[in-house]
Structure formats: structure tokens, C-alpha cells
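Note that subunit A is present in both complexes that follow, paired respectively with subunit B and with subunit C.
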Partner chain A sequence: MAKPKVGIYGLTSCAGDQLVLVNCEDELLDIVGALDLKSFVMGQSINDECELDIALVEGVVANQHDKETLEDIRSRSALLIALGTCAVWGGVPASKNEVSRAEFQKAVYGTETTGHEELITPLPLSHFVPVDFRISGCPIEKEELVGSIASLLHGDIPVLTNIPVCTECKMAENICQMVDLNNICLGPVTLAGCQARCPGHNRPCVGCRGPIEEANFASEYTLLLEKGFTSSEVINRMRIFAYPCEGLQAQVEKIENE
Partner chain B sequence: MSETLSVNPLCLVEGHGRIEVELDQGRIKKLELNLIEGSRFFEALVKGHSYNEVHHISCRICAICSSVHQLSALNAIEDALGVKVSPQTELLRELLILGGNIESHSLHLFCLAIPDILGYPSAAALAEDHLEVAKLGLGLKKLGNEVQELTAGRAIHSSNTTVGGFGRLPAVAELKEIKAKLEKGLDDGLAALKFLSTLEFPRYASSESVFIALNPPAGKFGFKGPTILTSTGKEFDIHDYRKVCNEKVVRYSHAKQSLFEGKPFMVGSLARVALLGDRLDGVGADAMKMLNLSPPYDNIIANNPAQAVELAYSLERSLAIVNELIEKINLAEPLPEIKVRAGQGTGAYEAPRGSLYHHYELDENGLVTGADIVTPTAQNAANLEKDLRAVVENSIQSKSTEIEHFMAVTARAYDPCISCSVHLIQR
Partner chain C sequence: MKVLTLSKKNATPFFEALKSFGKTYGPVEKGEKAYSFQPVESFSQLALDYKRTILPLKKFFYKPCQPVFHFNKDSGYQPAEEDLEEKIVLFGVHPCDINALNILDLVNSGPYVDNYYFVKRQNNLIIGISCMPDELCFCRSMSTDFAETGFDLFLSDIGDSYVVRVGTGIGDDMVNAVPDLFSPIDEESSRAYKDSSNERSAMFQRYIELSDLPEIMDLEFHSELWEKLGERCLACGSCSMICPTCNCYNIIDKLNLDQKTGERIRQWDSCLFKDFAEVSGGHNFRSKRASRVQQRYLHKQQGFVEQYGRPSCVGCGRCTMVCPAKIDIVEILHTIRGERNHRRRKSDRRR
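Up next is the complex of A and B:
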């Protein structure tokens, strides 16, 4: 079987998910050897922007250049995989999307003339193009990346976990950050796969892997308010990684209106 | 006759950049380094967030330097709140910074710079001819990540660091495990240095630079200090970092540029080695000799061997810290008490690519009202343009494709981190 033609791309991002691939030191040469890596600007100096079997795309669309790049990648890729919380949910760059980018830009560069980019309110890839598969995480977990690549190489659709951080946290027998320690912990509404790393380090979950399917933000919000946190404290924590998530905003708004 | 030269995209670097040059009768009419990564406005994003959330947000500026962004942010917040961390926390944080340096320098040297200098398009291509070298580099890189994982919980965007210290401290058994790996790593580091000493680093970018680095206390080499040292003989408290990096908006780039005393300057490994290299002893000093690093430091491409010197230093210093921790780590040490108050604070570390400053202002509830982050790549941008001009002038007789390649190699020698450089300044 011919090696699949693969492109690895970063839009506006911290490059952390591409770095997770490079951080697979033990597997890297095997992974790269199993793929026909056509484009990986961060990791190789000769790149061919051709028709692809698989495109892995990290980051958010934050300007017109990102949007055009993404549309071009989509048009020549059979499978497009969103890599990381930014690509899947919007991540940190989208955490204050209620403020217009023009306002941000003015605050930064003032009235000085700059040849700046045409800014777009940062949003996940699926807002602009169809996405075939999502690997969330800030950054993504090495095991999920390697496992997904292995599945694809075998012609299978990768299967990722769909349980909340709380489940993994309970299995690890950690002290509950929310119930026992009264911290704002986003474990109940956050996608597992990290083996509850933060609670395992005596730190509350900050939600970096993005929301679980059908997350009950309303219940999380109410519970934390009952514990004495203010609405803005809870919202501020919930917005860091997945502010564009419709369920989050809709559920919180609904409660606030009641 | 006019001619244009272009490096687009600039490969083998983190983030999106390009170089555009216009020549007229063999003279440079225009030379621009465009950092075209999308703006994310981090200083605006952290506003309104609590003092204990800032480091989670700020570290997302860049994955490769996420640990040093986190610690700089935490130092700034602790400065603002008057929190003193314990000597044990300082030691663990130093170990985390060293792990980040080992990872970052190994990544740059073995996955990006060495393949490039030897004419390979990637580390995988290098591995086809030099498997041992590629494996050596990947092994050291992995070790850097393991040191970061031990201290920070994970290598990218730490889960274990917090205001005042760490959520979880490493067990003695874990420290012993990493000790054994560091002992082997030190041998691998020496083997890597031997290989590097056989390489010829090109000189087409020769040009004098002003160097700036943080000045570690007690005449030591290191990556943190209370003052900023310049090669023009000046010294500033880190709280006065704005006197060193006066940023200006550049029309063609999303990153601002920094000038000191009206001149571009360089931060990073070469700056640290030039300013503090005579303080090195042990394998760091041996590495300087092996790689022929000595004044005048007028070739930016020597930033590659300077990173190798720091790689050797970081391995040796990590081992010393781990030994000290095995002897006396107090696993029951509590976090210091935090009293929320209004204030402002500055935190600074030497990131792998150079001095990094974080500054935050907090209101009486501990919410961020102002932020300022100055990254190494933003500080280096003006100096890189100066060096690119030198490349074009020094090699004007060469073919365009050659000059373009020389420019790409020169830009990559800075190990630029373009995600880091693009941000906003809001005062």
C-alpha cells in the first residue's frame, strides 16, 4: 500500500500540537517513515502543497490569511483533522470574542500606521470548513495522536475517549478538587484523556481539553455559585478554552435570566 | 538593474514568517522581515482574569517556551502580591527552566539547525545518513521533556506550577530515576559536542551586535537574575526592562521591534555566552573550548554552538540540582500564604531564545488590569534584519538562490519563535 500523503499545518497558534508530534521522540522516525510527509513547514525545508490524503491542522482562524490557507488545505485534502483545543473549540485566542478585534488592534498599535492583517474574530476550523475528525487538548495527548495516526494507517477511523475528566480522576483516587477542596474545578464538564493530570498534581482542572459532549455547564455553574464563587469568577474560568462553545454560553445565559 | 529576493515561507522555525528584499544596482533598496503570524492579543486576553489564572493563559503564547512563560508570569504575580517562594521552589523552578533549555536547544540543534547546515531538508532526512546523530539529539530532547514532566507535570503548558510553588513535589524515587537518565544524558551531550565540533559554521552573516542578557547573582552563569546586563557596559534592574527594550511598531510586521540606545541588539544563547561565558566551569567551559567559542562574537550563526554550550551546562547543572534535591527535598513543604492586594510586578527569565519579561498590574481583588509581555524574538527582530543586510552585502556576488539560502540559515540561527513575537503591548 502506498504511504498516505500527509500535510501538517499550523494556523494562528502556539504550535504546541505540532510540537507534541515532534515530542514523540521514540516514535518520530517511525511515524515520519510511515507517512509521505508532503508539507510540514515547522519541521522540514522542502514542502509540496499538493493533493493530500490527510491534513492535520492546528490553531484558529484569526485573519484572512489563515482563512485562505485553511480553505486551500480543505480543497486538496481527503481528510481534514482538527488538532488541539484551538482548532476544535477556539482555545485561548477566542476567550474574549465578545470584544471586537478592531478594538484590540487599536489598543495595541494605537494610531500608528501598520500594514496589518485583516483580522477575523478567532473561531475553530469547523466554522469555516467541514472537519472530518477532532483531536482536542491544549496540548493534545501524545497517545491520542499516535493512536489516531496508527488507526488511520490501518484504514480505521480513530476512536477517542468520550468521558469527563472526573471519571479518570475518580479512577485515580484523587481527592476531589471541587467537593473536598472547594476549588473551581472544570473536571465534570471537560473531556478526559489526560488521566486527570491536574487533579493528580493537586491542582484543579482548568478545562484545557475542551468540553465533553452534552456538558452540563448549567449544573457546574450552579454548584460553584452555591459554593460561594461569584458568577464572573466561574465564567472567567469556563471561558479560557472553549468560549465559542454554544452550549456554554446558552446554558449560562439561561440560568442568569431565570 | 533591480532584483527581488524572497524567503517565503521561512521554514524550520516555529510560526509564520518571510523575508523580502529589493535590490537596485547591487544595493539593498528594501529589506523586510515579516512576522505574519496572526495576532492573538494576549495582554488583552488576560485582563479581568484572576492572579491565579494568568500563567495558564500567558503560557499559551508559545508551546516551546511554555514553561519559561509560565514561570515569568508567576514571578511577576508573586512580585505584585509580595509572595516569597522557598529556596526549594526556586531550585525546582530552576530545574524546570533547565529542562526547557535541554529540550528546546536539542530540538533546534538536532531537528532544525544541523540538518539545515549539512544540507538535509529535515531531521528524518538526516537520520537516513546519520542515524546515530539523529537518535542522540532526539534522546537529549526527550530527556529535557522528562525533566519538565517531572517538575511541571507535562512538557507543554504545565499543570503543576502555581502561584507560590508547585501542586505536587517529585518523590525521591522519581528524582533518582531522572538522576540516572541525566548521567547518561551528560555522556550523550559530550558525544553531541564532539560531533558539533566537526561542523563548519558559515561566516556570511558576520556583523557586530550589541548583546543583552539577565545577570545571575554571585558571578554565576544561569537563566535568571535581578538585573539586565548589556555589552555596552550598562546594568538595569529587571523592573526597568522598558529602558532596555523600547518597542516600536513596524508597518510590515505583526511584531514590534526593540532598540537599545537607538541600536538593534541580540538576546539568546550567543548573548549569554558572550556576556557570561567566562563564568562557566565544568562541561560548559570545556564545550566553549571544543566549539572554539571566543571573542569577537560577530557571527550570529555561532548561536548554534552557543546553544550546544548551554545544553552541556544545563545537563550538568540539572544533575547537580537533582543530587541536592535527593539529599534534602521536603515533600511536606506547604505553599506560602497568599494575601490578595492591589499592585504591580515584573518577572523575568532567560528563555532559550533570550530574555523574557512579563509585567502585570492587579486590582485589590487580584484581577489583572494591565499586562505587558516582551519576548526574545520581538527583541531580536531588528538585529536579525541588521544581520540579513550583512548577509546580502557580504555575498552580493553570489547567485540569488544562494543569497536566499544564506538568509534563511541566518534567520534560523536565531531559533526564532514567531508565535512568541507577535503580541500586543498595552500600557
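Up next is the complex of A and C:
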């Protein structure tokens, strides 16, 4: 079988997810050997924007240029994979989406328009184009990236973890940040795959890998308020990585209506 | 059963003698009032006054994530046999955890024998230790507050010494390795044992009534209680991970980049997860969280009783301790039985 033609792209983001690929030092030669890497601006000088079998796209759409780039990638890719929490959920760029972009520009540049490109309220890729598969994480886990590439090469849909951080945290026998230490820990509503890295270093989960499917934000919110945290303390923690998430938006609306 | 006494002065030499029987693990302090079974080099490292460890003993026989076999396109399958032959001694195991292993033995010896589990069980020795209940223990209700089988030696603390019950031939070998450390039972130690036993009986604060519970759970199948619990439950999976008898696992194939090799792993799973009862084609038998919470309690307290004649719960109190949503099995069972004025746990007392 011919090697799949692959492009790796970054929209508005920190480029940290693409960097994870470059950091796969032990596997790098195997990865580039197995793929026909057509475009990867971070990793190679000569790029060919041709028809692709797989496109991996990091970041959010935050301006008109991002949107056009994404639509172009989508139009010439058989599979489009959202790479990282920004691409999957909106991430940090979307954490204050209720504030208009004009207001931000005024705060930063002193004027509502800078004459640069037209800004868009940042949203995940799936808001603009169909996304075939998602690898979440801030940044993504190397094992999930390598495992996903291996599955795709074999013609399988990758199977990524679908369990909450609490599960991996208990497997590691960590002290519970929420129950034992009374911290705001987002482990119960956050996708695992990180082996509960932060609680393992005695830090509560901040939710960087994005929400678990059917995350129970309502119960998590109530429990944290019972511990004495304020509504804004809890929501400000929840909003950092996945503010546009439907479940979280529903909870925010519920609080506003109360 | 052979019964002896071991003076606490002799505990250290006895512990040293156990090293010839395998690698010794015991309860050690992990944080403030949190404990874990870890490798132990000396008797003084042991925190024998612990109430419960974060993970139960199942972690020794059935790891959170372990390879089942490795595969290779050219050479076929090779069973994963890492650590299978390691001899281990578990020192300081409470009766509830011993009974939990007896339950797991039942489950794993059914029509589909789990050889990975039993090879490890056969290479394992257990030295039990007596304990005093705290505000979460309800093992007496579950008849698991005393271990009749499932240990090689069982030490009951009677103050200056232990009353030692010898449960197996290997337990007897352990005694015979250092016979001078042990003394026969005398009147004084017998009286101290009975005093301690009576004192312990008076300390249990939590009870549940097991009689006709499966029937009541049938009657209350459509109770609105389950919906309410479904709203509170975070489906975080903590209760399943720390439960000494939860044994569900998921099977995952991991392929390497070479497209030729990989491994099949099994990983602890939970019936609270959305995809637990999802089948090929996308149908989910328990798509609602409420039905998954209900399933967990029904299986522990009803389904298991129908199959094995007793609940799979051993009353260790771990699930109540770890639940971030403060879901409490004893409270649920009291509610479902319609009991009033039962003893409630004080809201913020944990462990």
C-alpha cells in the first residue's frame, strides 16, 4: 500500500501539539518513514499543498484567514483530525468568548480596529467544517498520537481513552484533591489519558484535556459550592479549556437565570 | 484451627523471618490518614493501625492495566507472563479485604477460569490483622468482619501480643520457621481476646439489613431514587476502582507503528461509564447515567446474591469515602428499604 499523504497544520494556537510530534524522538524515524509528509511547516522547509489522505489540524479558527485555511484543508483531505484541546473544544483562546473581539482589540491596541484581518470569536474546528476524529489534550499525549497514527496506517479507527481523570487517579492511588484536600479539582469531568499527571504531583486537575462525554458539570458545580468556593471561582476554572462545550454553556446559562 | 500467641516484642524477628517466603507488602502511610499496600522492608514501616487503603488487594492479582499477550504478525501470540511467578506476602490484611479476595476467587473460578488471576493468587501468602471499625465500616452487616478462610496466618491484637490463628499448611511453616517466637494460648490471652472482641462489637456504628433486600430492590426498580442519584453521580469511576470486589475490565488492542507487532491489554473498567453497555451497532443498554448507577447497586446487592448466594459488597466503606458526590451506599439501602431514624453518618467525618 502506498504511504498515506499527510499534512500537519496549525491555526491560531501555541503550536504545542505539533511540537509533540517533533518530540517523539524515539519514534520519529518510524513515523516519517511510514507517512508521506506533504506539508508540515514546523518540521520541514519544502511543502506541497496537494490532495491529502489525512490532515491533522491544531488550533482554533480565530480570524478569517484561519477559516479560509481550514476550509481549503478540508476540501482536499479525506480525513480531517482535530489535534489538541483548542481544535477539539476551543481551548484557552475561547475561554472568554462572551467578550467581543472589538473590546479585546480596544484593550490591547487602544482602537477597535487595527486594520489587520477580520477577527472571529474563536471556536473549535467542528463549528466550521466536518471533523472525522479528535485527539484532545493540552498538549496531546504522545502515546495517543503515535497510537492513532499506527491505527490509521492499519486502516482502523483509533480507539482513544474515554474515561475520566478520577479513574486513572484512583488507579495510581493518589490522594484525592477534591475529597481529601478540598481543592477545585476537575478530575470528575475531564477526559483521562494523562495518567492523572497533575494529582500525581499533588496539583488538582485543571481540565486541560477537555470534558469527558456527558460531563456532569451541574453536580460538580454544586459540590464545589458546598465546599465553600464561589460561583465565579468554579466557573472560571471550568471555562479555561472548554468554554464553548454545550454542557458547560448550559450550566452557565442555568446560573445566570437563577 | 491451631491458635498461638506472638508477643509484640517478637514481631520484628517474625517479620524478618517472613522474608524467606516472598517479597513483603504491607500498609504504609501515603498522606495524612491515607494508606496504600506497598513493599515493606521492616516491621516499623508498617502502619498497622490503618483503617483502609486507597486501593484494595485486587491490584496485586489483577493490575489496573496489564498486557494479556503480545502479538507478532510473523511469530504469532506470546502470553504476557511478567511478574506472574513472583512470590508475595501481604502483611496486615483486614478481614473485609480477605473476604473480598474470597469473593473474587469465586467469580474468577466460574465457567471461565481466569488463569492470570489464579497463578498470582497461588503465589501469594496472606497474614491478616484485626481492626477496629470506624464510622464508615459496615462489614458486620455483610458478615465480612471476621475471616474464616482466605489467610495463612491471622493476627488479632490483644494489647501486648497477638493471638495468631494458623489458617494453612504454609502458615504453619511460617510459625515453624521461628517456633521459639510463639507461645501457647493461656487463660490471660484468651480473656484479652474476648474483651477485645466484645469491645469491637460495640464499636460498629453502621448497619444495613440484608434480609429480603434483593426482593425490595426488585420492588423498587422504578424508584425515583435512581433518577436522583443519576443527577448527582459524576460517573467518575472512583467507586469501581477502589471497590475490593469490582472486577470488570475492558480489552484493548494496541498496535505498534511497524504494523506487525502489538499487545492486547486489559484495563479496569466501570459500569458507570457511558460506553460500558454499548454494543456493536451503537445501541446502548444503559445509556442513562441513572440506569448505570442503579446497575451498580443492583449487581452488588441483588444480582450477585442470585448467582452466588451473598452480596458482593464487603462493607469496607471505601466507596463512601472516595465519592466526590457523597453518594453513600448505606444511606441508599436505608432509603430504599423505607427505614426511618437509621443512624446517619456525620456529614464531614471521613475515614
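Going forward, the second predicted complex is superposed on the first by the 248 of 258 C-alpha atoms of A that agree within 3 Å, B and C clash if a C-alpha of one lies under 4 Å from a C-alpha of the other, contacts with A are read in each partner's own complex, and residues count from 1 in each chain.
Operating definition for what follows: a residue touches a chain if its C-beta (ideal position, glycine included) is under 8 Å from a C-beta of that chain, and two chains touch if they have at least 3 such contacts.
Everything numeric in this text was worked out from a predicted model, so none of it was measured.
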Side-by-side fit of subunit B and subunit C on subunit A, or clash: fit
First, second, both or neither for A:G187, with subunit B first and subunit C second: second
Touched partner set for A:V234, first subunit B, second subunit C, both or neither: neither
First (subunit B), second (subunit C), both or neither touched by A:A55: neither
Subunit C, subunit A and subunit B - angle at the middle CA centre, rounded to the nearest 10 degrees: 110
Winner by number of subunit A residues touched, once subunit B and subunit C are compared: B
First (subunit B), second (subunit C), both or neither touched by A:L21: neither
First, second, both or neither for A:I81, with subunit B first and subunit C second: neither
First (subunit B), second (subunit C), both or neither touched by A:V129: neither
Touching partner for A:V6 - first (subunit B), second (subunit C), both, neither: neither
First (subunit B), second (subunit C), both or neither touched by A:V252: neither
Which of subunit B and subunit C A:I175 touches, first, second, both or neither: second
Minimum distance between Cα atoms of subunit B and subunit C in the superposition (Å): 12
Subunit C-contacting residues of subunit A that also contact subunit B: none
Subunit B contact footprint on subunit A (complex, rising order): 10-17, 19-20, 22-23, 25-26, 28-29, 32-33, 37, 40-47, 60, 62-63, 65-66, 91-93, 95-96, 99, 101, 104-105, 107-110, 112-117, 119, 122, 138-139, 197-198, 200-203, 206, 208, 233, 236-237, 240
Of subunit C, residues touching subunit A in the complex: 30-32, 34, 36, 54-55, 64-65, 231-238, 240-242, 252, 254-259, 262, 268, 270, 273-275, 289, 321-326, 350
Complex contact set, residues of subunit B against subunit A: 9, 11-16, 36-41, 43-45, 48-50, 53, 56-57, 60-64, 66, 107, 111-112, 116, 121-125, 127, 134, 138-139, 141-142, 145, 153-157, 159-160, 162, 166-168, 249-252, 254, 408, 419, 424-426
Subunit C contact footprint on subunit A (complex, rising order): 27, 30-31, 34, 146-147, 149-151, 153-154, 156, 159, 162-164, 166-167, 169-171, 173-176, 178-180, 187-189, 212-214, 216, 218-220, 223
